[in-house]
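My questions all concern the structure below.
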Amino acid sequence: MDRTQLLLGLSIALFALGLLGLIIRRNALVMLMCMELMLNGVNLSLVTFSERYADAGGAVLVFLVFIVATAEIALAIPIVLLLVRHTRSMDIARYTDLKG
Amino acid sequence: MPSQDALIAMLPEHFLLVGIIALILLEVLGLGTRAALWVAVVTVSAAAGAALFLAQLGFAPPAPFPGLFSVTPAVFMAKGALLALAVPVLLMSRSEFADGEFSILLLSSLYGLCLLPSSESFLVMFVGLELLSVPVYALVLLAFRKPQSAEASFKYLVLSGAASATFLMGVSLLYGASGSMSVETFARALSSGDAMSRAATVLIMVALFLKAAIVPFHAWAPDAYEGASVPVAAYMATLIKAAVLLAAVRVFGVVNASGPVADLLLVLPLLSIVWGNLAAIRQNSFRRMIAYSSIAHAGYLFYAFLGDGASRQSAVVFYVVAYSVVNLLAFALLPENAQDDARDNLQNLKGLYRRDPLAAGLIGISMLSLAGLPPFPGFVAKFLVFRNVVAAGHTTYAVLGLIGSYIGIYFYLRVLLLMFMSPDNAVPSERRASGMARMAGALCLVATVLLTIVPGWVIARF
Amino acid sequence: MDEALVLNLILWLPIIGVVLLLAARRNDQLARSLTVGVLTLQFVLASWLYTRFDAGAAGLQFASNVPWIPQWGVSYLIGMDGFNILLVMLTAFLGPLVVLGAYRSIDRDVPLFHAMVLLLQFAMMGAFLAQDLFLFYLFWEAMLIPMFLIIGIWGGTRRIYATVKFFLYTAFGSILMLAALIYLVQALALTSSVTSFAFADLYRARLPLSVQTVLLGAFALSFAIKVPMVPLHTWLPDAHVEAPTAGSVILAGVLLKMGTYGFMKLGFPLFPDAARAFTPALMTLAVISIVYGACLALVQTDIKKIIAYSSISHLGYVMLGLLSLELVGIQGAIMQMVSHGLVAAGLFLLVGMIYERCHTRELSDYGGLARLMPVFSVFFMIFTLASVGLPTTSGFTGEFLALLGAFSAAWPLHVAGQSYPLILASVAVLGVILGALYMLRFALTFLFGATTAPHQPLSDLSPRERGILGALVISIFALGLFPDSVMHKSELAAREYQSLVKTSRLPVPVP
Amino acid sequence: MISMPHALAAIVLLPLAGFLLNGVFATSLGGKRFGNRLAGILGCGFPIAAFALTVNALLTLQAGGYAPLIEPLYRWATIGDSTFDVTFYFDRLSAIMTLVVTGVGSVIHVYSTGYMHDDKSYGRFFAYLNLFLFFMLLLVLGRSMLVLFVGWEGVGLASYLLIGFWFDDLANAKAGKKAFVTNRIGDAGFLLGMFLLYRACGTLDMDTINAAFMGLAGNVPVVSASLVGILLFIGATGKSAQIPLFVWLPDAMAGPTPVSALIHAATMVTAGVYLVVRMSGIYIHAAEASQVMAIVGVATAFLAATIALVQTDIKKVLAYSTVSQLGFMFLALGVGAYGVAIFHVVTHAFFKACLFLGAGSVIHALGGEQDIRKMGGLRTRIPITFWTFVIATAAIAGIPGLAGFFSKDEILWYAFASSRGGSPWLWGVAALTALMTAFYMFRLLWLTFLGPSRMDHAVEHHVHESPLSMTGVLMLLAVLSAVGGYFSIPHFLDAQVPLPTIVAEREHYEQTLLIVSIALAFAGLALAALMFGGSAARPERIKRALLPLHRLLSAKYYVDELYERLLARPLVWMSEQVLLRGSDRFILDGLLNGVAAVAVRSAGLLSRLQTGSLHLYSLFVMAGIVGALVWSWRHG
Amino acid sequence: MGLLALGSAALMLVLRQPMRVALALITTMVALGGIYGLLGVHFIAAFQVLIYVGAVMVFIVYVIMLMELREAEGSRRFSNWRVPGLVVFSLLLLVFGVSVWSGGTSTVPSGVSAPFSLVEFSAEFLTRYWLVFELTSVFLVAAIVAALAVIKVSLRVDG
């Protein structure tokens, strides 16, 4: 088992943990953090491959991910605030008005 | 360095950018919000016109941005058609959105849309996808009339974020397998046997499925559509879906679907068709019904990928255009109501024919076209798709898909039943669709008629 | 005048009418007159073309061919031939009568109603005239929509159920047909590298028997639903009962013929080997339809249902004639189609007229109408007898020739030791007994005995109504007494059908 | 003799013109005095003109040495190589039939002007009668079986309309329907036979078919003559009221009496006989079919006669008598004596028409009373009717010298001695039937005209002799009944349909049998006189002695009930319970609604899956990824 | 370093307090930054720490602190779908693992390659990838407008 595989495994594990977090955590902010975790997992593998191939493409994408992640959080936080303002709860499981 | 070709190649995008800047300036300077809409309309029309004009010219620079961005007449055509479809969306927004932000966000999103079919690299495609969806999170929330909008926005954001992450994961695996960010790697990976490539293609497909709302990745769509306002729901149901499909066309290139992805393209779309059409039967929210309908339509659209790679683009573009046009037609003519829930309630369409025969008639046409019944464009589109499926040798799936589409006929008919055959239902504070919305409807109607009468001519151009 | 142009005009006149109706949407009376005018003009033009039609020339006449979706080989290809000429005439003839018949009974949303009738007329005309499978399918499906609205908006109390049932039932068949036609065209493209939807090209497709069977199954399902053949018929009684008179008339008069026309023009000639292999099965269904429809008509208490079930029975004869592959039988089937169109239309019009006066469809509510409405009764009797297939009426011409054909085809098989077709043909002949039984039961309760109709006094038929029925009666007798010149027009088509179905088109083994 | 183009067509079309004109006047001028007069003139004029033309045509035929006159009218249809022509064919056989139809038809029209005088639908009645004549003439003059069939069904229609003429009473209309439907059963057989012939001979022209079967046209058709014969005979049993389809005829008496005379005695019901004779080329080669025909004929004759013994309705007695006489005709046909059958058709037309019209006169006189138990003693009140009735009764009973004697005696003789299936058995049954015929006819005569009056007072008061239009016709027919037998039709027809040869060893019985049959006629007369001539108690005693038998006969052997139980009710039950409720509603619609319900159910299920929980949605996503990856291994 | 990242990531899912979750995430991120550093892509490591930990996480922590006060006690940590979630999660790991480890990385060059520096990266970024750079700016504009729009909505709802 070489380093690449190890790092790739770690990356996948982080990605999967992030996804699992979306499923099992109720707190809206924690869910957002889990999304970040997923992106971090991806970044890890991108960096790994970028380094392996000595290609800047991966690094550029990582750079993009940083920006996107920032932007998403910047957008998500006000949405969460708006959400919380109405129900006074961070518990996403309570937001089931839209269904059926 | 930017040459003249490169400048022209991104002409539609440049128009949009200029429009965005102009709108921001207007907003910052606090100048008339009324003007904002017109600026946006002019911008989008100009962009669409430019794209169509370039397509007509057959403008195809060899490599304006090597490895990142490319254009062909067909791509221009697709962009032009979709940008033109944004005009009705803008016109429709008049009654719901007073501020200029709507236009800015919409134009930004359109900018992302334009990037997708031209991406040569996953870098550009990723930016395009994000640019496409990030403004929409805000758009969903923008006409905040009910707390559910925030819920819808959040759900959309989280699942869309998950889709982005999945997409990136796939891209990174692909990158790992090939060392390149080029979209071509996906097509190559389709036929490659190694496990990582396979996993990568599957993940990218899943991400696209998520964005396009294919079962079982569809769950956000009904909630998001219902929570959004009418123009935004219309935008999501039509142009966003179209953009995602264009992205999918781009990644597939011209190769024929094969390997595990081909299987996914058979099974999940079929599931979507059946699921979407079934679940729509009992809905009472118009937008939720359209959401399920769009899930089913996403199924048909991905079916189109089974066919011959060379004709895929025209099939998909024709389908999304035909589908979007009639969808927008219905949204445009929906009677207005200060109460968003009342506007959304299907029961309030009861007896619409007596109150507003024109709207009822056109919504009816839209529903029949969505159901894929001749002679409306939806039929030709459906025909196109299933022709591809049969040509690819998947006759059984074609038959199953058609049967699935049959299930859907009922709920479209139900709208007609309500509008034409139910006693008039006086809805409080209901107004007929505004003049602007009607104008949007008229544009869509013209397009519908065009697509009905000369489908062959149109297909030949995509 | 250019005949091809006139044919196009015939097809598109209703659309022009619809556009004109948009202008007249506030004025009910104008809408009615406009529609009658447009449809009458259509009939006049159709009659002119009928006289110009050269019965001695095979193939299409007055054809137009414009490439439409050239990528797929789809063309706007229409034309008249022996297959459709009589049905086109029937459609054009019934058009104005339907509108005139509905002159009084439709009082809500009059312009919309007439627009729907015109659209329906357009679609039906198109389906008959189309010579391209794609175009045909387009018109075939397009028929559903106006009919759906006609039943659903102006229908009776259970109209929603009936119209949805009608729509979904027929649409189901069409969906499978769509799959089959896509497959067919693909297969043609693969085997002969011709990408075309034109019937003439598709008639050359060579397919293995198994494929033919499956495709025929899909086409046949669609057509059999439309005919309708037992056991796919249950939409018909509901649709008929709930539809307004005009709807019933069009439905029985023209729409049902679509199914048999489809079998004749497409189903059997496209897949001849499968058709021949499945002739006994289809014949069985046809005979079951004859007997089943008749038996059910016998026990109905709703007057419209009686006629509805009788239609099922009558169209069974058409199928029998078509399946016989004997010239006599085929010609009989064509005549029976036209005849049933006229007779069923007349009966539904009559029922509509009495319904307008009494507002009930219960058979037991009526009695002794012969005393109350003598003119009505005379007409009713004539249509009843034509329905029974009494000689000198068109019903006899069709039924007799169709049965003769079926029998002629079955006898040699019997001599060769295969008696099943003969038994079927004989049972079908026995169907004429049941036909007399249920129609006369209907007439007996309806016309004779003590006078019990509600809403007395009843006014007898108005001149308008007499005119409508008179036109139908004249045509019924004309077809009964002098069918020769009419059948002459379809003779070559019948021969073509015969040779198409009789010639095997299995793939030629590659040497 | 006047020669004219379309002479035969004119015969046929004249009554049609009468129908059309009368039809128009009947609806527009109905009930008005002028309208009635006009209707009467039109109604009688056209048949009389047709009769005149028929005589003319006969003369033409004679002048041409009896070569058949063939007169094409128009081509009905051309299909491929086969053509269906409307052509008229006039030979000895059609000549006789046409004469009977137009002749008897004309006089009955005249009679009707008196009989129907007060009816409110006078014009309609003549329209229908004319219509009937048109179809009947089409039947007897058509060259093609198709034309014959048109007439065949057409007379059925006319019969239907006339039976139900007084449709205010539903029973009358029902009787009409029964007649039509029963006939239709026969027609189905006819159609099958016709199809078979078409298939075998490629044509429906009857002379060609006959020639083909006789082997004159080269190759003999491959079809079994007996099969065709049986099928056509089924058609004949319907029209000519033979077992098993005779049930409609007695009910048909619901129509006005002239109708019974014309259609249900003299002409229409003999169409079956005509058909068989016309197709004799086939029957000569159809030994089995002929045998069946003889047996059915004699059985019908016997059965109907037994029923007639106990009937109390004057018209019903005559109706059963008609059935019985038709049985005799089929007996003759069955043993190959075609000419004799036609002979009996003619004589029967005379005396039975006379009897029916006489009965009509009685009914007319009694203001509608038909029950012979409420008659009696009419001999002096309506003498002309009485005497004509006597002559006709004597004729039917076979009293020597009168028309019926000659024809019936020949039938009995051939039944006994014909080389084509004659047998003593047939003769025996037929002779017994002849005895019964004489008995029930004289019984009828006695109860109606002789003995003490049993009429209601109100009725008795009104009894009057009928007008000249009726009595004149009665007298004419009585004369014909008396002398009609002296024109030997079998001899006249021999050139066309030769009589069968006589079995050599039975030849010498001829004298004996003649005497026996005369004896039987008189025996019947004597028996009737014995029974009804004395006190009324005597028949009552006999009736009580034979009560079960009497009940059986009065109930007409329960045939109607049998058919009702065996055919009608099971049919309705099956349609209603099995097909409508079981198949249509339960299975087919049930299946449909079931599918719809499943769709709605699953829609609900899918809706419930959409809980609104983002966690669940995320779970879907993850599960989807897992599933998709696992699926992708299939290609590993 | 990898174990640290993994461990803290797992902690994220079980910790009750959002603040602690945030701290665990920061730990993960820093650990990842460390890995990047070890891999030789130092500038990415720097970005990781600067942008993620410095900007994003500070923002989140700030919000958490803001919200913490309002958050009602007793809200449960895990959703109703934790058990199926865990099952599917383990399946996912299994599937991924099999996909990747069954010779999945065989195409990746395993030799030591020269890590590229910030200078090289910047040069590449501004030459080959300048378009991406431009597009990123468009994206940022859009994101800012979107965020502003949402905040405006919040203000409108409050006002």
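By written order: A, B, C, D and E. Residues from 1 in each chain.
Note that a residue touches a chain if its C-beta (ideal position, glycine included) is under 8 Å from a C-beta of that chain, and two chains touch if they have at least 3 such contacts.
The structure displayed is predicted, hence computed values, not measured ones.
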If a chain touches chain B and chain D alike, it appears here: A, C, E
Required steps from chain C to chain E (each step between touching chains, minimum): 2
Interface with more contacting C-beta pairs, comparing D-E to B-E: B-E
Computed distance of Cα centres, chain D from chain A, in Å: 96
Intercentroid distance (Cα basis), chain D paired with chain C, Å: 37
Centre distance in Å when chain B and chain C are each reduced to the mean of their C-alpha atoms: 42
Length of the line joining the C-alpha centres of chain A and chain C, rounded to whole Å: 64
Shared interface positions of chain E, touching two or more other chains: 79-81, 85, 88-89, 92, 96, 99-100, 104-105, 108-109, 128-129, 132, 136, 139, 143, 146-147, 150, 153, 157
Where chain A touches two or more other chains at once, by residue number: 4, 8, 12, 18-20, 22-24, 26, 31-32, 48-50, 52-53, 57, 60, 64, 68, 71, 75, 79-80, 82, 92-93, 95, 97-100
Sites on chain D at which at least two other chains make contact: 607, 610, 612-616, 618-619, 621-623, 625, 629
Chain pairs in mutual contact under the definition given at the outset: A-B, A-D, A-E, B-C, B-D, B-E, C-D, D-E
Complex contact set, residues of chain A against chain E: 1-2, 4-10, 12-14, 16-21, 23-27, 29-30, 32-34, 36-37, 40, 43-44, 47-54, 56-57, 59-60, 62-64, 66-71, 73-75, 77-82, 84-85, 88-93
Of chain E, residues touching chain B in the complex: 96, 98-100, 102-109, 128-129, 131-132, 135-136, 138-139, 141-143, 145-150, 152-153, 156-157
Interfacial residue positions of chain E with respect to chain A in the complex: 2, 5-6, 9-10, 12-13, 18, 21-22, 25, 28-29, 32, 35-36, 39-41, 44, 47-48, 51-52, 55-56, 59-60, 63-64, 67, 70-72, 75-82, 85-86, 88-89, 92-93, 96-97, 100-101, 104-105, 108-110, 113-116, 120-121, 124-125, 128-129, 132, 136, 139-140, 143, 146-147, 150-151, 153-154, 157-158
Chain D residues within the chain E interface of the complex: 613, 615-616, 618-619, 622-623, 625-626, 629-630
Chain C - residues contacting chain D, complex: 165, 169, 231, 233-234, 292, 295-296, 298-299, 327-328, 331, 367-368, 370-371, 374-375, 378, 385, 390-392, 396-397, 400-401, 403-404, 407-408, 411-412, 415, 425-426, 429-430, 432-433, 436-437, 440-441, 444, 447-450, 481-484, 487-488, 491, 495
